[in-house]
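After this come two complexes, each holding subunit A, first together with subunit B and then together with subunit C.
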Partner chain A sequence: MHNKFRKRYSYWLLTTPGLVVFLLVIMFPVVYSVSLSFTEWSGYGTPKFVGMKNYIDILSDSIFLHGLRNNLLIVFISVLGQIPLGFIFAYILHRRMVSGGRFFQTMIFLPITISSVVVALLWNQIFSASGIFTAFIRIITENPRYVIGMFEQKNLAIVPILFVLLWMHTGTYMVIYLANLQKISPSIIEAAQIDGASEGQTLRRIILPSMFPVIATTAIFAISGSLKAFDLIYAMTGGGPAHFSEVIAIYMYVNTFKYYKYGFGSAASIIIILLSVGLILILQFFTRRIERRNG
Partner chain B sequence: MPVRKSLVPWKIFAYSIMVLFTILAITPLLWLLTSSFKPHAEIVRNPLGLPRTWYMENFRRAWTQGSLGVYFMNSIFYSVIATSTTTLFALGSGYTFAKFNYRISKFFFALYTLGLLITVHSVIVPLFVLETYIGIGNTRLGVIIPYIAFGLPFAVYLATGYLKGIPDSLEEAALIDGATYMQIFQYIIVPVATPIIATMFIYTFLSNWNEFVLVLTLTSKTAIRSLPVGINSFAGGMSRDYGLQFSALVIGTIPMILFYLIFHEYLERGFAAGISKE
Partner chain C sequence: MRTTRYGLLIGMLLLLVPAVMFAGAQREEAAGQSGPDKISLSVYHYLDQTDKTTAPNFQELVDAFSKQYPDIELTFEFGYGESFHNKLQTLAMSGQLPDIILLYPGKRTAQVTSAGLVKDLRPWLQGHEDEFASMAMQPQGKNGEIWELPEDISITSIMYTNNKLLEQLGLTLPKTMDELLAQGEIIRKAGLIPLAMANKDDWAMQSCFAGMIAERTCGLQWFDAALAGKASFSEPRFVRSLEIIKQLHDENMFSPGVNQLAYGQGLDDFVNERAVYLIDGGWTVNQLVGELTDSQKAYVTLESFPDITNQAGESGSTSATAGQGFGMNAKLDEKQAEAAWKWIWFYSGPEGSAIRQRHGRLPAYNLDTPKGADPMIQKLIQYAAKAPMGYVLDAVIGAEPIGVFNNNLQQMMFGNKTPQQVADELETMVDEIDRGN
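Entry: the complex of A and B
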């Protein structure tokens, strides 16, 4: 009996500190945010209940819709750009197709250790009139007056940012896949190749199926990370010019902390979570189907 | 074994894509480094070449004018304290979730997993209001507590997964010998979990060091802000001096690159142990 008490006591002693901080800082505010999202509130006085008004206003705001489109492009480049590229790099390194793999691996991973703000300011310099990108294009096109014009075009303003995101995050996926590729027993691959399987067959029949769960998990991280994208874009363009490179997180931030529309901002942040959960459910639907087909 | 002929096109492809991306990854960084040693006028006139003289003045001015010393110390303070606390709390929870067969653990673990999906943005308004209400708004404590919290979900996920893989026999033998659970935690679990502790620590440290939004919104005094926010102020009206901006960026970059070069093996090993399946 005494021992049972001691066990229970130790359990709570070890679990409570983390739980208290977590519930207080994350779970309680999320619930609070949901209730704020149905109100109008500027930070003073009592919030005024307005029902679904914030959500309706947001969903019919063209700035929000452009931000949503940009966010979906970020999801697209993460899931269909960073993940496949990261996998290709990991595969090349794992199969030792190049010598000096250690060097390549370190160089490709380096960008991820740098803070988003630094990356943002660095690339702003690169794209600036005295930047290395501009200098390079001027040499190639022999046009000494070239300056990048994409940022001023509504539909293209997000493109340089997508490129920077690809530059920044591909290394993470490479490292995760490489670590997991190393867990596949080499004897299985050798046996297949002795039996005459080509490189392509080994990849399709053995490596991809066993890596599938890891790829699916990283895709979940990629989706939720893409919808959260803030730091880099905030420091690079602030969503501008004229909201061309807006994303939902910046839309939420500006409305909340510049215009003091706390209820409106909360609704925008709840939309981020709902989108995240929605996209992840769609992803899981497809992964289940693929897993079932693979048996 | 002779090189298989079928491998040749693969190798050409492999080398070209690897070399291309590596050039893409390091050229901006090398350009940043060389530019940081040029005065403003030389950066504008000659963006590509090496600096004519290695001009150190940028660094001295960035450090003093931009208060980078203050930001730097704050970053170290926040990262070390929040990361250590997160790691300790996560290990405690990981141990109980993995080894005490209590049903409520499943619920707690699910809550933490849900936490992985929640963004800083969805809690920042209530957090801001809450902190002002209880009087820790715009203080160091008001930054550290959220840092601890946001580190927890992933760290608990890693710790629980790792400790589940450790055989129960060690712990059971110690229990029979009369050890308390806290002694087991201290003398058996902590030493056995060293690899995952290293991973949790490094990963959490990196994300705390680079964190931006929380400090930006929850603080407004220079004295308690951290490096990313400090560096961001170089982009605004504060200076059109590119040399100054570049040296500030270098100061923000070098510590993490060194940190990564020293610890990358632990980080990579942990990714293999932690992120394998949902």
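Entry: the complex of A and C
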């Protein structure tokens, strides 16, 4: 009995500080944000209860829907671009399919060590209307008014950002996969090869199944990271021109901090959380099914 | 027993953390009253500390103040761009507004001024009103309050002209917009930009052009009526101002990719003589003083946008607003408020204004044209004296309607919205948010 009490006491003692911090830093703002999302509040005075109005307004706002579409494209490029590419690079480096592996590893990982704002400035210096690439095309085509039209098209303005995100974050996944690939015992792969397994069979039958949990975890990171994408896009385009490259985090920021609509902004942030949780649950559902099928 | 001792120790340490933190804060607060004769005040200012021109100029002003008032110690905190406003909002909401705060006369900081968080400066200002430009003494509150003492008159639309390029192309300063449009072809053929502008940050077209052109198509009286709800932004005369922007864009008068260019790029093109005209605010003179060579200063002039057909506003008019200035926290006691006023008066009054004028600003305080001032400063002062002034839209329209309008101007230039649609949306939002209907 005494032991049981001591155990429980030590559990509480160890978890309480963390729990208190979690409640104060995570739960309180979330709960407060949920309650605020049903109100109209400019930051002063008493918030006015408006029910679901903020949510209805947001979900019927074409700017929000375009931002959501951009976010889903970022999710798409993260899950189906950064993760497969990261895995392919890690696999090539791990299996020593190219010489100078360390050089490539550093080069691929380098972008993630640079601040998002610096990355944004860098790419703007190249592709903006006053950038190097534009100047070069102007010289070649002898057209001093040439600009990259993609940036001014509603449906395409996000594409350069998707490319930069792919360039920037693939290295992170590569390093994660590389570290996990190194955990697979070389003797298993050697044994498979002695048994006559081809490179493709080794990859399909041994490496991919053992990497599956890591891939699923990184997919969760990719989804949640994509839905809260803000810094790089804000520094690159500010969501413009004319909201073309806007994402929902920028939509939330603008409404909250530029228009002082705290209730509205809270509702947008709750929508981001719900979307993130929803997509992650869908992913987990499929992950479990695949895991069950693989036994 | 040992477990209990460790538990108590950890508990004590956890309790000590906030205690240590609060002790630090108390020390800082204590510094606020550092002696019976010395008053310490916190100041929140809008300044880009990396700006090689404005930051040292501001420091010169602070040094002059410290020399004159050694008994007042000012502790500065700076913000710039959107982050300035975000922090101001956070400080105001958390009740931690600094003693002296940079504020705007119009809607930009209305969330602070209209919440009763700052003092009305009229009791201190009494008797000095005539020393300022009349625009700077316009009431800022509903009951005529003056929340901040404007430092400058901010002219937001000037057509900077490179007369050397004009001459080389065989052109003269256009008197009408049609003449300007006709020049476009010649200027572009020479590989130059007719009107340098950069509108990636979306406020530039509205602040540096739309207000001025709306004054031309609508006239000041109509604009007053529209703000009061007695006229509508959906009316043809306001729509006409938007059609002009669309026309200039469609006829390639602006910089190529005007909506992709970050603010400052237009100035760069102009200084490097890639553009014949530059549309920008009067504050740009501050940069031109340092960026232009002496020979360039001789042939660069400050002009107004040419007249338009069926103009309702005044010929040669521009858009202007009283600039920002310092206000003081409503919580300051009498002694602190007196000290705060000394800084506010020094900054926007004769002494600070003379220093700022020397560096290319156009103070709201009436000063004589300084002898030996940079030619660009003299040209700005002369321009301000002759140009009739209309409204700057973001000074008279609320943050949300103007934010939507800025974006809609871009949409209109891309052909996604018509001028009428942009005008209608502005009218709807102004009616709902600003007029409260």
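By our rule, the second predicted complex is superposed on the first by the 255 of 295 C-alpha atoms of A that agree within 3 Å, B and C clash if a C-alpha of one lies under 4 Å from a C-alpha of the other, contacts with A are read in each partner's own complex, and residues count from 1 in each chain.
Here, contacts are C-beta pairs under 8 Å (C-beta built on N, C-alpha and C of every residue); 3 or more make two chains touch, one makes a residue touch a chain.
As the structure is a prediction and not an experimental result, all values here were calculated from the model.
Looking at the shared chain after the overlay, A:207 reaches neither subunit B nor subunit C. In the superposed pair of complexes, A:240 makes contact with subunit C only, with no contact to subunit B. Shared-chain residue A:279: touches no atom of subunit B or subunit C.
Within the superposed three-chain arrangement, the count of touched residues of subunit A is higher for B, of the candidates subunit B and subunit C.
In the superposition on chain A, contact of A:257 is made with both subunit B and subunit C. Contacts of A:147 after superposition on the shared chain: subunit C is touched, whereas subunit B is not. When the two complexes are overlaid on their common chain A, residue A:6 makes contact with subunit B and with subunit C alike. Using the contact criterion defined above for the overlaid structures, shared-chain residue A:42 touches subunit C, although it does not reach subunit B. Within the superposed three-chain model, A:126 lies in touch with subunit B and out of touch with subunit C [touch as defined at top].
Shared-chain residue A:17: touches subunit B and subunit C both.
Residue overlap on subunit A between the subunit B contacts of one complex and the subunit C contacts of the other covers 6, 10, 13, 17, 43, 124, 130, 134, 257. Only residues 6-7, 10-11, 13-15, 17-19, 21-30, 32-33, 36, 43, 85, 88-89, 92, 97-98, 103-104, 106-111, 113-118, 121-126, 130-132, 134-135, 167, 170-171, 175-176, 178-180, 182-183, 198-199, 213-214, 216-218, 220, 224, 227-228, 230-231, 234-235, 249, 252-253, 256-257, 262, 265-266, 269-270, 272-273, 276-277, 280 of subunit A touch subunit B when the two sit together in their complex.
Touching subunit C in their complex are the following residues of subunit A: 6, 9-10, 13, 17, 42-44, 124, 128-130, 134, 144-148, 151-152, 154, 237-238, 240-243, 254, 257-261.
By the touch rule above, subunit B contacts subunit A in their complex via residues 6-7, 10-11, 14-15, 17-18, 21-22, 24-29, 31-32, 35, 43-44, 47-48, 89-90, 92-93, 95-97, 100, 102, 108, 111-112, 115-127, 129-130, 145-146, 148-150, 152-153, 156, 180-182, 185, 206, 209-210, 212-213, 217, 227-229, 231-232, 234-235, 242, 245-246, 249, 252-253, 256-257, 259-261, 264, 267-269, 271-272, 275-278. The touching residues of subunit C, when paired with subunit A in their complex, are 3, 7, 10, 14, 82, 85-86, 89, 92-93, 111, 115, 188, 191, 200-202, 252, 255-257, 259-262, 265, 268, 399-400, 403, 407-408, 410-411, 414, 416.
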